[in-house]
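Next come two complexes, and both contain subunit A; in the first it sits with subunit B, in the second with subunit C.
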Partner chain A sequence: MNTIEGENYAIALDEPSARLTMNGTLRLNGLDEYAPVSALLSRLLSLPTAPTLDLTCLGFLNSSGIAVLSKFVIEARTKQVAGLSIIGSETVPWQTKSLRNLQRLMPSLALSWQ
Partner chain B sequence: MSAENPYGDFWTLPTGGERLTLSFSPGQLPLQQRWRNNGLSADFMGDYVTAFFPRDDADPATGQRQAEVKGAVSYIANELLENAMKYHDAASGAPIEIELVMTSEQVVLTLTNHITEAQAADFRQFIQRLADSDADTLYMDQLESNAMTGSSSGLGLLTMVNDYGAALAWRFAPQGAQGVNAQTQVALTV
Partner chain C sequence: MSITRKILLPIMLMALVVLSVMVVFVTYDTDARANNDERRELTLLGLAFDNELTTLNGFALGLAVEVANNPGVQQAMADRNRAALEALVMPGYQALRKKFEIAQYQFHIPPATSFLRVHDPSKFGDDLSSFRPIVVAANREDKSLSGIEVGRAGFGIRGIAPIRAHDEHVGTVEFGIDIGNEFLSQLKTRYGADWQVLLSSKVAKIATFTEQNQPDKAGLTVQSSTLTHPFIDGAEAAAHPLNDEAFDTIEHRDGREFRVRWLPLKSFNGAQIGWVQILKDRSDFVALRNMRLMQAVGLIVLVLASLALLVSVIVTRVLRPLKPLTAASAAIARGDFSPDLAPYAQSRDEIGQLAQGMQSMSGQLSQLVNHLEDQVKERTGELHSANERIQQLNQALKADNQRMRTELDVARQIQQMIVPSSHEISSVPTLDIAAYMEPAEEVGGDYYDILQHEGQVCIGIGDVTGHGLESGLVMLMTQSAVRTLITLNETDPVRLMSTLNRTLFDNMQRMRSDKNLTLSLLHYQPDPAHADQGQLRIIGQHESVLIIRADGHFEDIDTLELGMPIGMIDDIAEFVAAAVVTLNAGDTVVLYTDGITEAANATDELFGSDRLKHTLLAHHRASAEAIKTAVIDAVRAHIGAQALYDDLTLIVLKQR
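Let's look at the complex of A and B:
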């Protein structure tokens, strides 16, 4: 299952391009509810191609979601995944506030803005 | 309420002026059913403050500022409500209340809920750690330790301080055997 859809969000993993896209508003209750999202993020890291996480259309993420993204980056760091790229949007306030912390967890991560 | 032990600079807010208060009665609905109301209420508060930061099409900076304040209020209100819904002692029958007050320089959000004495002790411990540490270091350490333990505890409050530059304060009012009335206040300079 490479897509997860909820009331206000959609998450899709395109395996050939190793690109995971998160859209909408994600405010799930704690890490238990985020488990399917975490599983898809782990799957992204298991692909042979350099992984990309596209967050440009993720308008809102709660702190549990930020914890999930942090865990994903730490997992990439532990597995020494090469070429991890995260794309954010300068027009989405939470991203300009919080995304840079992910790069601090893994300095080799390429963080770019659209 | 007889308050004791204020932590941080708890603001005494003007009684007049612009304010918005929402009150919830958590015992009436299961948490799962109520969860989406956190986001709806937080977005409402975020939208509400945009009236005070009007957008001028001739000045793009005003639009950016409006979006930033809206995003910050929405994020902070949602985190306060999520925490309150998770930890509130529903058996107390007390409501959960969130109040937004606008001053000329700040947006102040105050969340009031009822918790058990044991929860209050954990909370005080967290507040003490926050007071004793460099907030930025504590935040990064928390991201690392949360990844190990599979938790997201405390991260909402830490993001408010680190990412939004907000000032936090708390006030606890013990209610005898009935637990503790807890107030969390978040002041955002605008």
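Let's look at the complex of A and C:
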């Protein structure tokens, strides 16, 4: 299953292009509820192509979600995944600080703003 | 008006008109036929009367001629021998009287002198010329005459013949038969009608008869009559003077109705002297006709009554099912579908079709209503269970709410208990400090502390993600850990932050919590050489640290590169750095949480760092307390009536 949809959000993984897009407002309760999202993020890292995480349309992500993203980046760093890029939006408040933290966690991560 | 009446009335009216026309027509026709019959009969009776008179005429004349031709009579008359004449004719007269009513048997000698009255021999020699015109005429003209004559002796038929002897006119002989009640009675016996003879009163005066003694009317007198009460219709008589044609009248006498034929009565010389009336009693016919008429009317009434009964029965039979149908439709209108229309629906006429239609309509309506009722019941049941469910949920929600409220209360108490006292805040000699913390309704995890240890001042500010008790607990743990490390004189930035991170990370793993927090720790060291200077070392990632120099120069120290969120990853050592700032007198340092910059108004517009900067620039010369108040007022003014969604924390430090 490469898509997860909720009341206010949609997450889709396009395997051929190794691009995972997260849209909407993600406010799941705790790491347990984020498990499917974590699984999808792990799958993204297992793809042979250089993975891209597109967050430009993710308007809100709660602290659990940020923790999930941090773990994802640390996993990528551990696996030494090459060519990971994250696309964010400077107009979304939570992203400016959090995405920069992610990049600090993995300096090889290509962070681009849209 | 009921349908029965509507149908019955025109039929009855029609029948009445038709029957009435029939009766009128038949009655009229019957009358007309009867009238014709009566007229014909009266004509025949008139002829019979003429015939009788003619017969009498012939009889009287024949007798007179026979006697006049008798030679003995001729001789005796020539001789004027009365005795011989009487002897000669008396035996014959006696024989005749036995069979006939001979009123007159008289011999005259010219001009009109009575010679011998055979019927009354003792009287003779008198002159008759003044009142016996027929005698005068016969003697004068020497010829036979006959006809009606009114004379002193009465009214009757007279036959008179001249007697000749030796070619000489020697006299006349006359036979007279009276016409009176006797004659009319005979006619009545023979022909059945009633008869009357009316004479002109003028003529009647001549006669000596008084047998009827009737009063005159319109110049007429009843001479004889077969009626018990003879009469004259004066008006009709006056309307038809003598010398008129025959005519008919209808007259009523003694409770009877007569058709009366008036025939002119003429004397021997042709002059009318009165009328003969033939009276045909039509009372029986009238009675019969009236009876028939009554019968016809009775029959009409009977027919109409039967018709009314028949139509009523038919209409009632046809309409009988309508009554229950009407009642049923009224019942259906009330919502009662119980009436059974099946018995009426079997009929093949229009009413049967109506009943069928109503039956199926009633059935459908009933189904619909029952279905609706069922649905309503079902829905009511559903609503009921939904309501119960809502109440359960509500109670659960209340319980939850209660639990959350309790948790929030605890969190708030933790926050309030941990906040440094105003005494602690004001006890730093070289710094003017003002601190403000306002928890949101759902207590956030704001943290701040001001610690003094062996001449050092440590100021911490942080923000735990999320809200509520768990965030409060993380804050509490953070405060404890910081205080412990400061008390242990741990001043190395990396060790301080790493140890803090490790402690909290491990604890949060144990708690299965995914909280983390931003945390900046500021160490202040007064300058031993300059009382109005100090050094501020900043470590850890949080919001920017704002510096407003005494001359109004504004500095924004980004703390992103000074650390990592605490509790997010196990080791943050590699990410920790320190920034050092020298403070001079009048310099202001401002620390805050995102509750300040992200305070939103009704249109979701954030207070923002620009507004914060402007407020600070406007008030940086004031005391720390005044600056703090100015910022909080500005934030309050911005959010207006909106509720606080996050804790507001603000620390203002001023180098004295």
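We take it that the second predicted complex is superposed on the first by the 114 of 114 C-alpha atoms of A that agree within 3 Å, B and C clash if a C-alpha of one lies under 4 Å from a C-alpha of the other, contacts with A are read in each partner's own complex, and residues count from 1 in each chain.
One rule holds for everything that comes next: contacts are C-beta pairs under 8 Å (C-beta built on N, C-alpha and C of every residue); 3 or more make two chains touch, one makes a residue touch a chain.
Since the structure is predicted, the reported quantities are computational estimates derived from the model, not experimental observations.
Of the two partner chains placed by the overlay, neither subunit B nor subunit C lies in contact with A:T3. Applying the stated contact rule after C-alpha superposition, one finds that A:T25 touches subunit B and leaves subunit C untouched. By the touch criterion defined above, A:T91 lies against subunit B but remains apart from subunit C after alignment on the C-alpha atoms of chain A. Of the two partner chains, neither subunit B nor subunit C is touched by A:S112. Within the superposed three-chain model, A:A67 lies in touch with subunit B and with subunit C [touch as defined at top].
Residue contacts after overlaying the shared chain place A:S46 against neither subunit B nor subunit C.
Counting the residues of subunit A touched by each of subunit B and subunit C gives the higher count for B. Residue overlap on subunit A between its contacts with subunit B in one complex and with subunit C in the other: 30-31, 62-64, 66-67, 70, 74, 93, 97, 101, 104-105.
Listing the residues of subunit C that touch subunit A in their complex gives 465-466, 512, 514-516, 541, 560-561, 564-565, 568-569, 575, 598.
Within the complex, the subunit B residues that touch subunit A are 31-32, 35-36, 38-39, 67-68, 70-72, 74-75, 78-79, 82, 86, 139-140, 143-144, 146-147, 150-152, 155-156, 159, 162-164.
Of all the residues in subunit A, the ones that touch subunit B in their complex are 7, 25, 27, 29-31, 60, 62-64, 66-68, 70-71, 74-75, 91-94, 97-98, 101, 104-105.
The residues of subunit A lying in touch with subunit C in their complex are 30-31, 62-64, 66-67, 70, 74, 93, 97, 100-101, 104-105.
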